[in-house]
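The chains carry the letters A, B, C and D, assigned in the order they are written, with residues numbered from 1 in each.
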Amino acid sequence: MADKKPLRVAMIGYGFMGAAHSQAWSVAPKFFDLPLRPELAVVVGRDAERAADVATRFGWESSATDWREVIRRDDIDLVDICAPGDTHAEIAIASLAAGKHVLCEKPLANSAQDAILMAEAAESALAAGVFAMVGFTYRRVPAISFARELVRSGRIGTLRRVQANYLQDWLVDENAPMTWRLDKTRAGSGSLGDIGAHAVDAVQFITGQTVSSVSGTLHTFVAERPLLGEGIGLGGTASDERGTVTVDDSALFTARLSDGALASFEATRFATGRKNAFRLEFSGSTGAVSFDLERMNELEFYDGTDAAGERGFRRILVTEPEHPYAAAWWPTGHGLGYEHAFSHQVRDLVLDIAAGRQPEPSFADGLQVQTVLEAIERSAASRSEWTTV
Amino acid sequence: MADKKPLRVAMIGYGFMGAAHSQAWSVAPKFFDLPLRPELAVVVGRDAERAADVATRFGWESSATDWREVIRRDDIDLVDICAPGDTHAEIAIASLAAGKHVLCEKPLANSAQDAILMAEAAESALAAGVFAMVGFTYRRVPAISFARELVRSGRIGTLRRVQANYLQDWLVDENAPMTWRLDKTRAGSGSLGDIGAHAVDAVQFITGQTVSSVSGTLHTFVAERPLLGEGIGLGGTASDERGTVTVDDSALFTARLSDGALASFEATRFATGRKNAFRLEFSGSTGAVSFDLERMNELEFYDGTDAAGERGFRRILVTEPEHPYAAAWWPTGHGLGYEHAFSHQVRDLVLDIAAGRQPEPSFADGLQVQTVLEAIERSAASRSEWTTV
Amino acid sequence: MADKKPLRVAMIGYGFMGAAHSQAWSVAPKFFDLPLRPELAVVVGRDAERAADVATRFGWESSATDWREVIRRDDIDLVDICAPGDTHAEIAIASLAAGKHVLCEKPLANSAQDAILMAEAAESALAAGVFAMVGFTYRRVPAISFARELVRSGRIGTLRRVQANYLQDWLVDENAPMTWRLDKTRAGSGSLGDIGAHAVDAVQFITGQTVSSVSGTLHTFVAERPLLGEGIGLGGTASDERGTVTVDDSALFTARLSDGALASFEATRFATGRKNAFRLEFSGSTGAVSFDLERMNELEFYDGTDAAGERGFRRILVTEPEHPYAAAWWPTGHGLGYEHAFSHQVRDLVLDIAAGRQPEPSFADGLQVQTVLEAIERSAASRSEWTTV
Amino acid sequence: MADKKPLRVAMIGYGFMGAAHSQAWSVAPKFFDLPLRPELAVVVGRDAERAADVATRFGWESSATDWREVIRRDDIDLVDICAPGDTHAEIAIASLAAGKHVLCEKPLANSAQDAILMAEAAESALAAGVFAMVGFTYRRVPAISFARELVRSGRIGTLRRVQANYLQDWLVDENAPMTWRLDKTRAGSGSLGDIGAHAVDAVQFITGQTVSSVSGTLHTFVAERPLLGEGIGLGGTASDERGTVTVDDSALFTARLSDGALASFEATRFATGRKNAFRLEFSGSTGAVSFDLERMNELEFYDGTDAAGERGFRRILVTEPEHPYAAAWWPTGHGLGYEHAFSHQVRDLVLDIAAGRQPEPSFADGLQVQTVLEAIERSAASRSEWTTV
């Protein structure tokens, strides 16, 4: 492995996404044969001390506070952007201009306008052999990737119906504090952009169809919350002051897909008792698949061509050598966790870079999801009228 | 029991609903102490031979073909209407005018206009001590009735979110034949009126809130089907000719409830692999309940006031003496089936008649559901715009 | 139906079994085409008033207190024995001698000696065209009957492993009162004879193999309990006096089946939280089936011949027309309850009587189960040594 | 972190256990604050090339082929033994004698004799501040650790019943090849020692009771198999020659625990369709907990003190900050995988070493499990007679 060409990575941002990405860059080369050798060169954060701590902890060679300086460095090949959405455009565009590959967390940007500029920058960079990828990481959960194989290979026949619910409950408590995720200027949108984006991407990824028109509703259940005292991650402690929630708590939308399927979506942080229940169901003319991220190692598959009387949803443990990514890990039946999908993302990205192949999802894909979200917002602003994407 | 006053019943219509109702009239007095003694006086159907056969089989004293004659008989106290929706209004109004109590299968009528007339007739009859009830039978599934108790008694706090999916798949096969259920003139509407009506009623029943506005989409996946040769029930064999499906295959709608909760609904006959999955979830500020008719003896309850770390959806087997209707049946853990709810409906109806009390759901309740369905149709015809009920 | 030959039934005993049997005799002819017309002639109980009440409630023509008189009546064709186990032998043998068909609740008798006499009586009666059947009713749960079809037709290959757990928890409370079920002289044995017997019969029924040797352990967790004040069914209120539990609370045994499979059994009333979890799993060389009575309308089937990567336990809703007994009832997906299996039992019994065919399970089958139970008791008394049946 | 004292590790053996251990040594310090800094010094294997490859891949500083040389090195603090069971005793005893801490994979040894020597060696080493731990890693699955908290803190009352099934199916195919796991001289025993040992340890760990006597049965379903051509892990390809399986395919045993609970165990590789279903259920006087390793992020808890009618098994997602180990990882609802327990094991071991505290499970604990397994073998050899441990 020592003789492989290195791929030197700079990561911008930390928080729990930074931990997941650090882990991925370190773990992927241990379980997959990669043509390049990722090197954790530098982690960048506004707070020098915390950045240094993350570097030490997760094995980055160094830390820094100024991403502009970092992307100018000759020894950096790839910039991995884990910072909040309002920073994505500037960092990504500058990095691509500097000839660095970019992996950018989703959603691509907080505004469609920014996303367009990013996609254009990626398009230009591509000509120079510089690649950009947006981190819709759930594509690399083995069960979701396997769902795609089943749907795309015709195992459920003609797709007609999709149900996608991304259910969380971390805002159910009216006194749960504000975080940057509830502030429109920093997060762009609420449940729609945070988890609804995952739902839109996963549905398009699995079906190979795009959302062509939508009818949507956005709703904020709790309009005012205590300001955040201190905290990292989704939680944190509350202060005495109160702030206004400027994003949606729940997004409900119906969509028509490009080949005629009808899909219903819900993205909500108010599904009491549901912690991370990203549920997907695809109903076709001869079968169906069903998934719940809370049981991420399982996929349910209904084969309508089984003998009459013997049909039923099969609970498949997606841990067999036949399943995407699974052979690299543990024996059959030994499950994977949340962060494994990040390692799979690194694997695929490195393979694509080495092969000179555009990784997926591209910034154009990210922009397209953004466009769908924006159409939902327009529909919501127009009494939920059907709106073309 | 022999000394109890009889309640003589005439049933109009047979088919599988007739079987369920016959069973209920016969079984309810065996397991519940009823103040009146139901007598299965006469079953009425257009086909004299089949009506006679149903009478013999299910223990009706006699059969007849002309419901008008039957409702004039002095010895009939109650008319139970199981015929298709397009006949409901005429039979119910005439029966009430003749001083007979009426139990009418849902949906109340095929048009809001008819439903209004029926509700007015019921209102008038009420003054004369004659009662009318509409058969939203699922209200009497113990788990649904128990869900109502939990929600209405504040066990989940302030209700915010509702998810209601009624999923069937009996039309997935493009060559499944036409039945009267796919003909708008006879069935009134498709999935919306057939199973969507159950969803609307159950949500309103459990929450105590009414649907105040809706945004809806109706869709027909398969527009043409072989005509039905011969058959009873949901199935049947196909003939060579083809007919046009004039009702919706799927109905998707979002609703605002009167006290501010937000609800998403789906009623579909195209959810491949889902046979009778009527799923309901209610998310409140301190808890949630979740139900699936395919597991009708279970209710899932999430108590957000449980100790931190010990919270989770509890799978409650709704077969304890504490649960609605359950004490009358078998020991704990011994489940009930589909038709038991019909016996519970008879029980409640007979108790109410004996007590001189309006049974629930009333025709006014049925009309209100009808009005919601009609608003959904209007919204669907207006590009899914939010529409006031 | 009126022109069919009647089959006049006398039922001995009431309690919740009497309710289930009454229901079955009344309901079976409504949903199945039976060649004979069952008539509920007389119910017999020691308490005249209660017997009369049961008669009125469940539609028996009359009631009586002396079973000996009743079985002498010319107008009785069949005696249905629902009384406690210590009365089975005397009633059954006398009834058969009087030329009456007999349906006898399980277990056949409280002692192997009695069971032998009963089987001999049944053998003699058979020559005279008089039939005896023992009520292992769970054989007629559609999912169990369907499991048998799958196993017997080779869908799971060579059977190797069986797991059978019958889990209840109604004795977990140390102050739950004594009932006749905890008194060895009346109940014969405890969990072993009550629910372990079901497990043994179901395993033999489904596999077609017999238990040939056993190693077993019996255990009583709570040796003394308050005496029962008043009560029917599994519950009841407690009095101040205390009695000694003389039966087992739990039975654990391992068994070798006649064709080489290895089976583990547990029958317990101390599985906290499990209300009626009769669980069966059959593992073969190419597949498996799994069942839980708490979800009695489902059967899980694992087909090892499915494509690699697509294998998983299928949750089959056993409500399709292809499934045993199911076509007689409701549309697909509409579940059945506990008492339906009793109706299926009546159906099969009546068909067999009309055809002059020995019904199954016969008294010989019941004796064989008894012999297995007795071998388990012997093994338990010999430090769990392997013991031949 | 750089200023922490290092803990230099030598790992003996690779295979999939080596991967899991390598990962743990590398990952644990990233997610947990450890008082020592683990350094991956050297990996040792018989095949120099493969050892070198593992070293490169997983970040070990170097590789070696002679463990005797390695344990003599001054710069090694801890020896981590992942080699097959027949090598454990020699390596562990020598390592302890050389003053190295030892982490030894389970089962401790292939014979009770070896295990005794190892426990004695550990006892002696302890006096010198040198620690030994046996790797019953499943203790560190958060849900299992949390089950222990619930049981030990009295949340289920007095424990009465335990059910433990460890179900796999990788030998169901009669032509699956021999591996060292099927050879008694190398593996010690079959399902009993491999997965039954996990079951015994987990039950004792969670309950705090020890197995005092057993009645057991061992069985080999397929006595002869093709010899293994080439392969790593549980699978591999077959050659033309055949070998004799000298270990058990299935182990069934009943056990009495020290405080009176009764437990049934099954460890099998013939549970068709079950991939890694390690299932545990603990039934107490006021509650129960239930676990399945195939859904390792969930624990089911039945609280018998919940209000009547509201009782049911709660599905707890063991991903809350209140749960063992969980706060170090991802937000609530984001699951962990198989290898995380290995990181938890490293965390606890390092904390104990730094604190000068005996880690658990000790070699004495490992020996005790070994003694239980040996008693089961004796019982199996004596017609399953109850045998004191």
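Structure notes:
Assume a contact is a pair of C-beta atoms (placed from the backbone, for glycine too) under 8 Å apart; a residue touches a chain by one contact, two chains touch by 3 or more.
What you see is a predicted model; the values in this text were computed from it and never measured.
More than half of the contact pairs at C-D come back, by residue number, in A-B, the repeat among A-D, A-B or B-D. A count of C-beta contacts for the chain pairs A-C and B-C puts B-C on top. Centres computed as Cα averages put chain B at a distance of 35 Å from chain C. A separation of 42 Å divides the Cα centre of chain A from that of chain B. In whole angstrom, the spacing between the mean C-alpha positions of chain A and chain C is 54. Counting partners per residue, chain C has 274, 311-313, 317 as the residues that reach two or more other chains. Residues of chain B touching chain D in their complex: 146, 300-301, 303, 306, 308-317, 320, 322-323. Residues of chain B touching chain A in their complex: 156, 160-161, 163, 165, 169, 172-174, 215, 217, 219, 221, 250, 252, 254, 262, 264, 266, 268, 270-274, 281, 283-288, 290, 302, 304, 311-313, 383-386.
Taken together, the chain B residues at the contact with chain C in this complex read 1-2, 16, 19-20, 22-23, 26-27, 29-31, 56-59, 168, 170, 233-235, 274-277, 294-297, 317, 319, 321, 329-340.
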